[in-house]
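A single structure is presented below for examination.
Note that the chains take the letters A, B, C and D in the order they are written out, and that residue 1 is the start of every chain.
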Amino acid sequence: MQDIIDVQTDDFDQNALYNALRQDSASQGAIVTFSGLVRDFNQGHAIGGLFLEHYPAMTMHSLTNIVGQARQRWTLGKIIVIHRVGHLAQGDQIVFVGVTSAHRKDAFDGAQFIMDHLKTEAPFWKKETTECGPRWVEANPNDEKARAKWGNDD
Amino acid sequence: MQDIIDVQTDDFDQNALYNALRQDSASQGAIVTFSGLVRDFNQGHAIGGLFLEHYPAMTMHSLTNIVGQARQRWTLGKIIVIHRVGHLAQGDQIVFVGVTSAHRKDAFDGAQFIMDHLKTEAPFWKKETTECGPRWVEANPNDEKARAKWGNDD
Amino acid sequence: MINVLFFGQLKEQLQTGQLSIELPVNDVKALKTALGQRGVLWQECLSGASTLVAINQTIGSDKSTINDGDEVAFFPPVTGG
Amino acid sequence: MINVLFFGQLKEQLQTGQLSIELPVNDVKALKTALGQRGVLWQECLSGASTLVAINQTIGSDKSTINDGDEVAFFPPVTGG
């Protein structure tokens, strides 16, 4: 029951990831997945696509740390986190988080905790292509609030 | 962007359901899915499989009502709820809930709300095959607590 | 006529999935009393605090009114999902 | 030698993704002051309240100590996911 944490330019296959979670789930019973997609509109701008930059040496370290924190707080089975980088088009998949647990609440909380921390701690930066040219996405204050809700956890 | 609510004896294809959610998600960005599987152990008993009975005339009415309540509380895109009935084997998929939203928190909350209410309001009953013979599953008090957390909503 | 249904463990204990009642009962409490005439087992099963009732596919209580032609279902706490 | 990296909007504003510093600086605050010698733009970018710093791939602050051979990265709030 090995976790999968990956940063990649290629698209991911949600079905294959779901099957990987399910395969290791004999004692789990609950699977929660989150997928983030490139939206057509963001902060009032029509989005053509986006470029995702990251800090390679830190990214895996950051994601591994977030997954480890989730494991300390809940009883979780298998965890998969995939984040894409590079050029993405409208509708493309950006991120996948999948969590299994024997308990429904743990699976939901674990997946949401990972996303809330990924959004505020993992070193990714989005640059959107809009009708007014490229622009760096600004951090959403709600993301910081969502993370703060979980309390301190280092 | 039509919701899908179904009760069926056949297995469901998580991938097809995910693609149906994704297809209608140009303005959504967030997809949360929950899948429930037949576990190998429950309440201390090794489970060989289970039989799911339901109250056909009430089931769709109940699920539609729960989905409607979720829509009133959050801004949700497409919603899919599939619940199986009849004979299921260990590891089989029992239930799927999928929700899209423009906001990550709404997608997580909507999916969890639907599961918490389905677990306490929708007329399904599980009978497990154990090493001591068949036994009706007893309701888990934690499910009632999980539902109560959302407050009144009728 | 009232159409009465039983599900889950209750159906097995009472060895009855469905029955029709012609008696004039005005609410669920009166229906339970009428069904209790069938024996101690029926009284115990229907008076259990955890036993739920639905009138025309909507959850109700002992006080819920019953009209001719209604469908009334008794069942244990649900355990799907 | 300290390896200094810049990401996102900061990298574009400073037109610099990476540079090496040989100066003896003991903490992030001292490193910012040293980099500020490069001009007003550098001072503004690095002093911004929202600018984050990571020392050897771990988030730190102005008070974080820096040792020879460390990798120090400056970047705006993250926006992945």
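The definition used in the following text is that a contact is a pair of C-beta atoms (placed from the backbone, for glycine too) under 8 Å apart; a residue touches a chain by one contact, two chains touch by 3 or more.
The chain list, named the UniProt way, goes like this: A, B = Molybdopterin synthase catalytic subunit; C, D = Molybdopterin synthase sulfur carrier subunit.
Computed from a predicted model, the values in this text were never measured in an experiment.
*Asks:* Give the chains in contact with both chain B and chain D, ordered by label.
*Replies:* Joint contacts, listed by label: A.
*Asks:* Average the CA atoms of each chain to get its centre, and name the chain whose centre is farthest from that of chain B.
*Replies:* Chain centre farthest from chain B's centre: D.
*Asks:* As a quick test, compute the distance in whole Å between the mean CA positions of chain B and chain C.
*Replies:* Once rounded, the distance between the two centres reads 26 Å.
*Asks:* Can you check how far apart chain C and chain D are, centre to centre, with Cα atoms defining each centre and the answer in Å?
*Replies:* 72
*Asks:* How far is the middle of chain A from the middle of chain B, if each middle is the mean of its Cα atoms, in Å?
*Replies:* Inter-chain centre distance comes to 23 Å.
*Asks:* Touching two or more other chains, which residues of chain B qualify?
*Replies:* Each of 36, 104, 115, 119 in chain B touches at least two other chains.
*Asks:* Mind pulling the residue numbers of chain C that touch at least two other chains?
*Replies:* Those would be 81.
*Asks:* Which two-chain combinations touch?
*Replies:* The set of touching chain pairs is A-B, A-D, B-C.
*Asks:* Which residues of chain A touch chain D in their complex?
*Replies:* Against chain D, chain A makes touches at 36, 52-55, 57-58, 61-62, 83, 94-95, 115, 118-127, 136-140.
*Asks:* In the complex formed with chain B, which residues of chain C make contact?
*Replies:* Answer in residue numbers: 5, 7-9, 12, 50, 54, 57-59, 71, 73, 75-81.
*Asks:* Please name which positions on chain B make contact with chain A in the complex.
*Replies:* Chain B residues touching chain A: 14-15, 18, 22, 25-41, 90-91, 102, 104-105, 107-108, 111-112, 115, 119, 142, 146.
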